[in-house]
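In the two assemblies presented below, subunit A is common to both, partnered first by subunit B and then by subunit C.
Right after this comes the complex of A and B.
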């Protein structure tokens, strides 16, 4: 091989991580959670960082917790707390909602194991 | 290879440098031109549930059109077919209770005729005529009932009235019931119909790859770019995923489970899928998952097969023309058709599986 060939091979190999990051960079399971109010996205949070936050809907404030790559409602101003009972979400495509407060969560990512969840 | 900087070597280095620059430029151009596979999530609060729409590779305008269309149509269906809030359906039920027929529009006629066909095919296990029974159990309200269960003699009395979809007769514009105790509740059909409508609207907006998931039950068309759609089936009642299936083309995946709506009273759990033969919650299966092209059919079949239970589901599936079925019994054993077994992939530890051969 000529030196030119080597340069090409080395350049190609050097570019691989860049391409990998570009196309598969979000491949980790449980990428991020999208938080929607009235079906419109109000924020997106990484599931890689433990955090707690609140989102305001028409009824009041919903509390959301991210922990260990999972996300859940911890409280919401609704009567039956179905959203809280839904529990932890971690797989891409999983979702939970507080319908009375119009707040919903969906786990999303580019290379999820599942596109949606049937139950 | 020579060392030193002969003109030849310098030329080679220049050539190599050019190649590298070209390669880098090519990589950047490829990156710039190929947009990322575009997966879009749209969530709508309609039909008393959360409708999650996953769309692959469509422009924003089409997505907005589909989203607005689905919102309008599902709101309309919700108002028309609500089983306990004042609706076209409750008006029909009022007429039936008074021994009168009801004028129904063309879409209503199609829906009721189809529900009748499915009910008859299921041997009455999918029975949307038992609205009174569902109401008696307290499931005609948004919140879960608190109990106690209704008195046994009242349940028995309602069951003895034997309301059936076959009691309905259709003229061109009107439907009448030969049994005044028929009260329609399309709970195990309407969601499937709504998902079918939503997919129609998605297609009309020019979108070819999408999943419409209404509170857990879904219909998927097309594919996720270079691969099929991957559907996770949640463990009945528990966290985590039991199994997954791949779906391409056009298929609906519906699950009925005893964990969806229920109440606990004095240590016993009472769920919302009532066996129309006994008047009590269906006992025997925890969940049934059905895959079928048509959402309304899959919806009705999942309910009928849950009522049929682990002993009889295969016969009912055969009568209803359903080929892909997975039933989880109370002991967490899985029962499947051969067709379903060939496409289900279990996540984690493989459970005990009983495979039932498909009909010849």
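Right after this comes the complex of A and C.
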């Protein structure tokens, strides 16, 4: 083992914990919310600032609230209010959708909790 | 018309060594792997020994012949497997080329094998991400693959060193640079 060998082996082993921390760290909280109407993004907002906004869909107006790094539907013109009952979203990849009003929220972050979701 | 090819001693040497690498490559492809995509890279031992005994140019010939002929024999020529294999080989040869030109006592078999294994995986990962699965979720595999690469590099490096120790007893066809590095 030459000195170069030791340098290579030690830096290779030292790289591994760093890789695990980088790619296997806990799913980071999302940092942005994307609002989609009919599958098209109509606005994006940071989760860092508390705010409320409304989005118009085919049925009427959906109310969305951002609070404490989380986001949710607070009111919707649809019948079942599934989107409202979905509750708070905070992790990257989490989403809530109002199919009747064609409005959906997607939280985006570096590490998404889900890759894809099918129904 | 008769065509005669003049072959040199070097050509014969490359052919013999490539045949050895191809044999190991095929034997290894028959071994079951605990996780798809992870294999020990035993054929790389030949590349490293050739690098240290006969120099970088011969190592490039042997490694590339091994990838092309090995894939023809296993039946993966021009498939994604082949692309990954070729990409890994080209990238690790490039890194080995740089490492073998380092001043001082230079790198030994263990260092070369660890470098080659990690470069292989890094290049293959990048090719897989770029060509086949352009999804960020792929990055969750990278730590596991790199751990496997470091372990495989150490194991093949120890094997390569043992072989080189035996070879130095006979001093057959020793490369001047390798002899000077001892």
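FYI, the second predicted complex is superposed on the first by the 82 of 119 C-alpha atoms of A that agree within 3 Å, B and C clash if a C-alpha of one lies under 4 Å from a C-alpha of the other, contacts with A are read in each partner's own complex, and residues count from 1 in each chain.
Please note the rule applied: a residue touches a chain if its C-beta (ideal position, glycine included) is under 8 Å from a C-beta of that chain, and two chains touch if they have at least 3 such contacts.
Bear in mind that the values here come from a model prediction, so they are computed numbers and not experimental data.
S.K.: Applying the touch criterion given at the start, work out whether A:36 contacts subunit B, subunit C, both or neither, answering first, second, both or neither.
M.R.: A:36 sits against subunit B, while subunit C stays out of touch.
S.K.: After superposition on the shared chain, which partner residues are touched by A:87: those of subunit B (first), subunit C (second), both, or neither?
M.R.: first
S.K.: As a test of reading the superposition: which chain, subunit B or subunit C, is in touch with more residues of subunit A?
M.R.: B
S.K.: Is A:3 contacted by the first partner subunit B, the second partner subunit C, both or neither?
M.R.: Touch status of A:3: both partners.
S.K.: In the superposed arrangement, does A:13 touch subunit B (first), subunit C (second), both or neither?
M.R.: A:13: touches subunit C, not subunit B.
S.K.: In the superposed arrangement, which partner chain does A:77 touch: subunit B (first), subunit C (second), both, or neither?
M.R.: In the superposed model, A:77 contacts neither subunit B nor subunit C.
S.K.: Quick check for you: in the superposed arrangement, does A:60 touch first (subunit B), second (subunit C), both or neither?
M.R.: In the superposition, A:60 contacts neither subunit B nor subunit C.
S.K.: Once the two structures are superposed, pull the subunit A residues common to the subunit B and subunit C interfaces.
M.R.: Common to the two interfaces on subunit A: residues 2-4, 6-8, 12, 15, 19, 22-23, 112, 115.
S.K.: Across the complex, what residues on subunit A touch subunit C?
M.R.: Against subunit C, the touching part of subunit A is residues 1-9, 12-13, 15-16, 19-20, 22-24, 112, 115.
S.K.: Name, in rising order, each residue of subunit A that touches subunit B in their complex.
M.R.: Where subunit A meets subunit B, its residues are 2-4, 6-8, 11-12, 15, 18-19, 22-23, 34, 36, 38-39, 79-80, 87-88, 91, 93-95, 97, 99, 102, 104, 106, 108, 110, 112-119.
S.K.: Which of the residues in subunit C come into contact with subunit A in the complex?
M.R.: Touching subunit A: residues 99, 102, 104-108, 110-111, 114-115, 118, 135-137, 139-140, 142-143, 146-147, 150, 153-154 of subunit C.
S.K.: Taking the complex as given, what residues does subunit B use to touch subunit A?
M.R.: Against subunit A, subunit B makes touches at 1, 9, 12-13, 15-17, 19-20, 23-24, 27, 31, 36-37, 39, 41-45, 48-50, 52, 54, 67, 142-144, 211, 213, 216-218, 220, 224, 229-234, 236, 239, 241, 244, 253-255, 257, 260, 289.
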